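Order as written gives the chain letters A, B and C; numbering starts at 1 within each chain.
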Amino acid sequence: METVGQTLDIAWILVCAALVMLMQAGFSCLESGLVRSKNSINVAAKNFADFCLSSVVFWIFGFGLMFGATAGGLFGLSGFFFGEAASPFLMAFFIFQLGFCGTATTIVSGAVSERMRFGGYLVVATIISGVIYPFIGHWVWGSAAGSKPGGWLEQMGFIDFAGSTVVHSVGGWISLAAIIIIGPRIGRFGENAMPIRGHDLPFVTLGVFLLWFGWFGFNGGSTLGLTPDVPKIIVNTTVSGAFGGIVALALTWRLEGRPDVTMIMNGSLAGLVGITASAHIMNPLAAVAIGSIAAVVMYFVTRLLERFEIDDVVGAVPVHLGAGIWGTLAVAIFADPKSWGSGLGRWDQFVVQATGVGATFVWAFGLGFSLLWLVNRWVPLRIDPRGELIGLNVAEHGASTEILDLLTAMDRQRQTNDFSQPIAVEPHTEIGQIAQQYNNVLANKRPRINSVIGSRASKSTSIANSRPIILNSIT
Amino acid sequence: METVGQTLDIAWILVCAALVMLMQAGFSCLESGLVRSKNSINVAAKNFADFCLSSVVFWIFGFGLMFGATAGGLFGLSGFFFGEAASPFLMAFFIFQLGFCGTATTIVSGAVSERMRFGGYLVVATIISGVIYPFIGHWVWGSAAGSKPGGWLEQMGFIDFAGSTVVHSVGGWISLAAIIIIGPRIGRFGENAMPIRGHDLPFVTLGVFLLWFGWFGFNGGSTLGLTPDVPKIIVNTTVSGAFGGIVALALTWRLEGRPDVTMIMNGSLAGLVGITASAHIMNPLAAVAIGSIAAVVMYFVTRLLERFEIDDVVGAVPVHLGAGIWGTLAVAIFADPKSWGSGLGRWDQFVVQATGVGATFVWAFGLGFSLLWLVNRWVPLRIDPRGELIGLNVAEHGASTEILDLLTAMDRQRQTNDFSQPIAVEPHTEIGQIAQQYNNVLANKRPRINSVIGSRASKSTSIANSRPIILNSIT
Amino acid sequence: METVGQTLDIAWILVCAALVMLMQAGFSCLESGLVRSKNSINVAAKNFADFCLSSVVFWIFGFGLMFGATAGGLFGLSGFFFGEAASPFLMAFFIFQLGFCGTATTIVSGAVSERMRFGGYLVVATIISGVIYPFIGHWVWGSAAGSKPGGWLEQMGFIDFAGSTVVHSVGGWISLAAIIIIGPRIGRFGENAMPIRGHDLPFVTLGVFLLWFGWFGFNGGSTLGLTPDVPKIIVNTTVSGAFGGIVALALTWRLEGRPDVTMIMNGSLAGLVGITASAHIMNPLAAVAIGSIAAVVMYFVTRLLERFEIDDVVGAVPVHLGAGIWGTLAVAIFADPKSWGSGLGRWDQFVVQATGVGATFVWAFGLGFSLLWLVNRWVPLRIDPRGELIGLNVAEHGASTEILDLLTAMDRQRQTNDFSQPIAVEPHTEIGQIAQQYNNVLANKRPRINSVIGSRASKSTSIANSRPIILNSIT
């Protein structure tokens, strides 16, 4: 039987779990808006499927690996097929942690978008949520569900309050591994490179707001109860995110002459990621510093990736890895040593924090790269160029759009030179109305077209080619 | 004066009520994304208007019919014009229940979209929220606000925790009645049938995430307090939804060769609907089974409707009715008989559950069908074919779009053969820029066009027809 | 050390703060959907940047001006650079209030959209959140953080529960000042005026749902704790919003022959704004009256602005100012005098309420207008007409879209008459596929085009002009 105070803690964890769950929607909006429209459905589908998948995996064995009784500080060994006979608190804790696992997993989906196969992505998502993430999670938070002594990093005194390293850096490292393996999108770099833009920035903005909203729970719930620290944690989180956005705004305006919208938002996200390691022990002034610097780190990592021609579609590496590492190290720079609870001096704590960063690099990037490289030999992660060109919406899901249907139908006509049939596009859409006009014209012109084609077939078959969306009058 | 524990219960109900309210946004995104763009505004408007309308109706008399002192277990008779002198708990309960009424109501809007008149839909929504829903609600949950002995089904021992039957099946049955009465969309079935696609799947994905988020409150709040069961309920809900999605993903990939995005999401929704009847008494393993089977049920009901040429635009019937019935029956299949509290054996409980399903069929489908049929004789529910073709955005709300304005203006020119005036499309849109070019060309060409038309009027008036969006050079 | 009851209050404030924060997302969706697509990114960026900016300003000095120890009832003088040594309750209160400041600020962004420069808007946002809002906030709520005696209006007995005046009217007055100073959009009024429509109404609908959801916290949290009044407050809020929507629906259908979608939503928003001043002391019947009348006020203020050719893109003035004033006055009309706690009679209370409205007019509109007028002399707030025509997405953020890239590239060709190069539009988009066809045709036709141009250069250079998106066959 819980006391009222314990019940309140459970309520708080559940509310925060719901907010963290909604971050999946935030990522989905953010990422599907930042790709070209031809890939938007694929990205959204990945975001949805990976949440389902990581939940299944985490329920079956991820939670047990992460929070079970430790095997030498390396991984847990109890709590698989979660649920039988767990206490209400543990049930709430499970739901909260499930959202964290989903977050680490879904970070990758944006970075690799526009060219990774759906099936390949599901394999990647399984690897993250089932193998990479729960281990690092155990190292840092292994005792959180009560199984002492927990993981080796926490035993060393490593501090990562809500997952700058455990969640965000892990997602960032695997993103980096994946985009190195699959390579940049066609046309992204090289001689005739063009900027590739997102197709729906208001949707991206909504996504960032949803993420920020979710971060109230992500950081606010990581106390695992409604402790007196919670309000301060949320103040720090908000202030860090706000300063991150403003610094990125100033930076991009100054260096590029324009306030780049995506950069402002990634600046805020970087601020939020950065404060995540230490929101419980900072004061707001330190949060201002952490958020501001996180935005600067994000900015320059973005430029660095571009210089190395590493194609991160949504900026997952700068935001989640760059700011994640910064935030993890900042624990030892800005916080009051007494707040650490590790008894270490500032330099020793820094070394411990750096050790955690290094271990995460080895496991998340090293193992992640190796596994993805192996998988890639077995099932290619990257879609074929044709699929990439027509877009993953169609290539992977058969999810065409009105305009694509039309273009396809017209293309068929052009290639066959057969204009005798109207094109069978669904006529009751806006695009369909254009097609209708095309068909009307075809109907009127068919005899003349044929005669024209006939009379000039030898010198110009290109008349067929010249019939694009709208067939015009031919005198 | 409430104790702190009671206050916490109220807080929990209010939070859950907010989450349930947000499901309205989820339905709106889901449904407006699954229709063609020409109907998207109409669908969103229906979702918004029906929430307002059902709130008004529920406040005036729905709540009283549902939770008032019972008249023979059939309906309630007190609590109309809710509000005077209600306790804080009852106030919170009212808000929570109002969201449920709104959910049952709005389920229909998606199924009937793209061809039902807005006015007709408001009548339908009034019937659901004021007549159909509160009665069934009384039968099953009539005593929830304290008016013993409550409805006849609950007295029999019927179990429907959070509304697999009361909310989802009711919405599903009325959807089925409505789409049978109004018939399929033009071009959906028959010889030249084309698949009709949604126009914004990332928006649909957002909608499903919002629904899932809302389900934390929908199921988590149905204990009407923060009891020790709440965390388990949310675990069950999440696990069932996740497995539903994965099963649907596997099924559609295997049977159709592609992971169908809409199916994955409907699979998760089916899982969520299925567990709703029993989330409080299942263990996670049973939740896995219920969610997985719910997705299978959803899949085959979808195919069944197609075979019978019943046109359910968003899959409301498979998701809310199919999985709702399944979830209601599953109570008697998977739960521990001791958990029922009805003292019945497994078979007897099954019969009671089936009785509830049957009674809901009679009242929601039978009465719903009859009322809609009568309404349809009096005010046709279906829009005329012309309105359906141009889309309900324009036909019902005058809510044109840039491209439609242009097409309309050009059509007018073509029909009148009068090219002497530039078309008056708002020039400062992307589409307007196309129009601008058209006008530029008109300005340059007007004398020549007229002479051309003049010289060839007899042999070809089709020149006018051949001026689609962009007027091209005529040599 | 807090008691459990106090901890619960803090939890409730934090949850409500999160909901209020999400209203930023609601405004962003609402406003970016109500503008033309060429300005949508700019609007979303403003909504995001002003939240960051107002948070920074409020943290540095806004909170101190508003809630610090009062200087004669006019403004506060402590609590700057918020955070050092604040209690958990005060921390939670800060976050909650920060959302309110952000709301007052962002109301303006919609009204001035489609023609205000981004930089100018940031100045405006700073003025609101740093100067205008905290002063009025201090007058009305100055003692809320414990610094007695608080502001001069609250000492008079002025009642504004959650900000019909403090938040909504302030935002509305500054919106009015700003749109008078910058003037209407090109083409909005005058002889050839065309209606200017929003480009994404389903997104607008989502925004309104998010706002409504946020209002649960906006009003529900303004008790600053989970008091027994909270459920009633939320019932009143919901009922008022629902009736506002239905009244606006009826009104617009009756007066204009169609259910205008935007009006329905603005009706609900007006209902929500109207009840905000008094949700804690009304009964639901009075809430029905307040919400219904708020919608009527909103409707006629909308028409009034149009008559005076004041161009409010999203209806911020009718909704936030019109309904805000109405709601503030309604406190003295509908509430039980005993509930006021001011000891005033009905007429005296009305005078006090009107005094608050007048003082807000003077400070928010008077000072706001003056400051904006001054700023406008120094940095023009309005973008140049060319920027307005091509849209602020491109003009301010370089955030082009696929179709714009194409149009620009084609325009360049036309102006230079040089068709020797294919246009360099990113080829792997839907629009890019159209461009591809164009290029294909160019490739086939180039010799012929050149010869045609050559042979007719004297009599017709317009052939270049006649090449719009798609190059057609030239016989």
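Everything below uses one rule, namely that contacts are C-beta pairs under 8 Å (C-beta built on N, C-alpha and C of every residue); 3 or more make two chains touch, one makes a residue touch a chain.
Values in this document were obtained by computation on a predicted structure and should not be read as measured data.
Student: Report same or different for the chain A and chain B interface, where same means the shared residue numbers exceed half of all residue numbers found there.
Tutor: different
Student: So chain A and chain C are the same sequence; what rotation in degrees superposes their CA atoms, nearest 5?
Tutor: That rotation is 120 degrees, given to the nearest 5.
Student: Starting from the mean Cα coordinates of chain A and chain B, work out the distance between those two points in Å.
Tutor: For chain A versus chain B, the centre distance works out to 29 Å.
Student: Mind pulling the chain A residues that touch 2 or more other chains?
Tutor: 4, 8, 11, 15, 203, 206, 401, 470, 472, 475
Student: Can you name the residues of chain B that touch chain C in the complex?
Tutor: Per the stated touch rule, the residues are 1-2, 4, 7-8, 10-11, 14-15, 17-18, 21-22, 24-25, 28-29, 32-33, 40-41, 43-45, 47-49, 51-53, 55-56, 59, 81-84, 86, 88-92, 94-95, 98, 118, 200, 203, 206, 393, 396-402, 424-430, 433-434, 437-438, 440-441, 444-445, 470-473, 475.
Student: Using the touch definition from the top, list the residues of chain A that touch chain C in their complex.
Tutor: Touching chain C from chain A are residues 4-5, 8, 11-12, 15, 19, 36-38, 186-187, 192, 194-197, 199, 201-206, 208-210, 212-213, 216-217, 220, 226, 228-232, 234-235, 238-239, 241-246, 249, 258-261, 264-265, 268, 283-285, 388-389, 391, 401, 403-404, 407, 452, 462-463, 465-470, 472, 474-475.
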